[in-house]
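You will see two complexes here that share subunit A, one where it goes with subunit B and one where it goes with subunit C.
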Partner chain A sequence: MEQLLQIFLFIVTIAVAYALGSIVESEHYVSIEKREKDCLSLPVVTSYKIEEKDNILEARLVYGSVVISVDYFKRFLAVLRNFTGGRLTAYESLLDRGRREAILRMKKKAQELKADIVLNMRFETFPIGGLSSAQPGASNCFEILAYGTAVRLKS
Partner chain B sequence: MKYIPKAITENVNVTKVNHLQEFFVLIGGILGSFIIIYLVLGLTLDKVIEKMPAKLERTFSNLFSQAYGFKKTLPIQEQAAQNLLDQLVERISPKDPSGYAVHIVKEPVVNAVALPGGNIVLFSGLMEQVKSENELSMVLAHELGHFAHRDHLRGLGRGAVLVLLSSMFLGMDNSLTNFLMNILVTADLKHSREQEMMADQFALDLVQERYGHVGGAIDFFERLREKEKLPHFLAFFATHPHQDDRVHLLNQRIKNKGYTVGEIIAFHFTEEEKK
Partner chain C sequence: MELTSVDLWLNKRIELTSVDCVPGKKIVAHFGIVQGSTVRARHMGSDIAAGLKNMIGGELKGYTKLLEDSRKEAMERMCRQAEMLGANAVINVRFATASITQGAAEIMAYGTAVRTE
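Coming up: the complex of A and B.
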């Protein structure tokens, strides 16, 4: 009886997590794509030199950070995948969303500074919280930081 | 250098997979291999236990029985039950009638347990319910059936396999291990119910042999049935068979074997004796 209840609760939790996770993810992607289109005119590059180096008016550090967590369904899927090994596709969209969101936030900051370009853009990814004691090293929650140098040119 | 803004439409960083499908494939595969390991180990143990010499079993069982430390709480009832048991044991192993002992434990549980070392534990809750000697003999014979089929050792063996499996995979993730163990335990309950039914049949034959009839043998289960409110579909998740099925199967055997119902010997203790 007790086992039945536990199995039932587990299935319900997984199903609810799957439904909610899918909705949240697709809404996030819609928002990301819209905002990416809106700030397309601001270039972000990984090189740290520009041709117009005598033309620089101002250079400032800009960064965008996001903390993002995976839903319970994908977490469980990742646990299963960890057992067999292979590509952890469940976490791919999580990190993709995180990186794009971090760039968007960084770009927003650069736009506020009226920057013409962001140079030397870099990513940092930190696992935070949600560490499972049974599985050291595995994390369900990440901070993704995108940073670069916003440059304003003489017009 | 001129910058031409261009949106990237395709995403190479996210694999287009159906996560739900991946989930079912993975859980099916892992659960399947778990069940195979469990069945293979379980069946191997079953075979080993069947072939285990009685002497080795005794030595093994003594290790367990020493750990219980039974107290004589209800000496009069215990002696009465022991007498009934001895008479039953005489029918199955006349050479060694002293191998089994009854212990009564003061607990308001209507249950009896067969423990390694030939120990049968009757809970006082069950003793309250028993109305005739024939009923108690049936209960004792049922537990003897477990001994005869070596179910008490099987239970331990399967328990050991479960512990082994869970400790092997516990490092993986608690939620996953719990989930898998729950499914395994539920799946194994069918096995447990089959053992109970086998013990019932054994008990019925033994009671017939002892008294020459099966009067009163089913009464106890009949009374349990009236009390049991468990819906039939939940029977899949129970360790013991549904009382309806139990009574039905026993009645069927009585009919097939042509057992008769004779006089029932009343079984009754005064309040003094119950202390």
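Coming up: the complex of A and C.
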């Protein structure tokens, strides 16, 4: 009886995590897409060079970061996926929206500085132990950092 | 994520860039590497909140803020070192993180201190 109850609880947890997790994810994607459209006018590039050398007013480091974690249901799926190998779609979308969010936050700071372009943008991804840091490598939680040099041109 | 006073204060005293020059300015002296780091542990309260949030996924705001604050502290230490050397800019700034023990992380910022005209 007790085991049945445990299995039941497990299924309920997974179902709730699945429902809430997919709502959170789709809402996040909607907001990301909206904000990306809003700041399309600010180019972000990974190159060093800038053409208008004499026309620069100021340059500043800008960065944006986000800590993002995968939901319980997807973690369960990932464990199953490990048997067969292949793409871990759950983690792909996690890292994708993390990166886009980090860029957006960096862009927001650049816009506050009235920058015209962000040069040499770089990403860093740090796995954070999360709650299962007992097993290293089994990270459910990532910090994603995007940073670059915001350049403001003389108008 | 507003620009805080720390951001502005950091930016005013020492110019930081992630490229190998200060765009629009000429470098007159190099002082070599400067670095700043800090080791932070997670807060119990935010850990519990994060544990709950971990269930449904998404952003863990408590951790984002914690790491943000730590990074600012690391940058501030780096800037202080650069000031001591007589620099007024740090170019090629890079960030690194290492987990030390369970629940603690080192956040580090490093770059090359230079003086511009």
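The rule we apply is simple: the second predicted complex is superposed on the first by the 149 of 155 C-alpha atoms of A that agree within 3 Å, B and C clash if a C-alpha of one lies under 4 Å from a C-alpha of the other, contacts with A are read in each partner's own complex, and residues count from 1 in each chain.
Here is the rule we use: a contact is a pair of C-beta atoms (placed from the backbone, for glycine too) under 8 Å apart; a residue touches a chain by one contact, two chains touch by 3 or more.
The structure displayed is predicted, hence computed values, not measured ones.
S.K.: Are subunit B and subunit C a fit on subunit A, or do they clash, once the structures share the same frame?
M.R.: Subunit B/subunit C on subunit A - fit side by side.
S.K.: Where does A:I56 make contact in the superposed view: on subunit B (first), on subunit C (second), on both, or on neither?
M.R.: After superposition on chain A, A:I56 lies in contact with subunit C alone.
S.K.: Touching A:T89, do we find subunit B (first), subunit C (second), both, or neither?
M.R.: It touches subunit B, and subunit C stays clear.
S.K.: Draw lines from the C-alpha centre of subunit A to the C-alpha centres of subunit B and subunit C: what angle do they form, to the nearest 10°?
M.R.: Between subunit B and subunit C, as viewed from subunit A: 120 degrees.
S.K.: Contacts for A:Y147 in the overlay, against subunit B (first) and subunit C (second): which applies, first, second, both or neither?
M.R.: Touch status of A:Y147: second partner only.
S.K.: Examine A:K74 and indicate which partner it touches, taking first as subunit B and second as subunit C; both and neither are also allowed.
M.R.: both
S.K.: Going by the contact rule stated at the top, is it subunit B or subunit C that touches a larger number of residues on subunit A?
M.R.: C
S.K.: Contact-wise, after the overlay, does A:E25 reach subunit B, subunit C, both or neither (first, second, both, neither)?
M.R.: In the superposed model, A:E25 contacts subunit C only, not subunit B.
S.K.: Please work out how little space separates the C-alpha atoms of subunit B and subunit C at their nearest point after superposition, in whole Å.
M.R.: Minimum C-alpha separation, subunit B to subunit C: 14 Å.
S.K.: Could you list which residues of subunit A make contact with subunit B in one structure and with subunit C in the other?
M.R.: Subunit A residues touching both partners: 74, 134.
S.K.: Mind pulling up the subunit B residues that touch subunit A in the complex?
M.R.: Contacts found on subunit B: 1, 3, 5-7, 11, 13-15, 17, 19-20, 22-23, 26-27, 29-30, 170-176, 178-179, 182-183, 185-186, 234, 237-238.
S.K.: Taking the complex as given, what residues does subunit C use to touch subunit A?
M.R.: Residues 1-3, 7, 11, 15-20, 22-24, 50-51, 53-61, 63-64, 67-68, 71, 93-97, 99, 102-103, 105.
S.K.: Taking the complex as given, what residues does subunit A use to touch subunit C?
M.R.: For subunit A paired with subunit C, touching residues are 13, 16-17, 20-21, 24-25, 28, 48, 50, 53-61, 63-72, 74, 94, 101, 105, 108-109, 112-113, 119-122, 124, 126, 128-131, 133-134, 140-141, 143, 145, 147-149, 151.
S.K.: Going by the contact rule set out above, which residues of subunit A touch subunit B in the complex?
M.R.: 1, 3-4, 6-7, 10, 18, 36-37, 40-41, 43, 51, 73-74, 76-77, 79-84, 87, 89-90, 92-93, 95-96, 117, 132, 134-135
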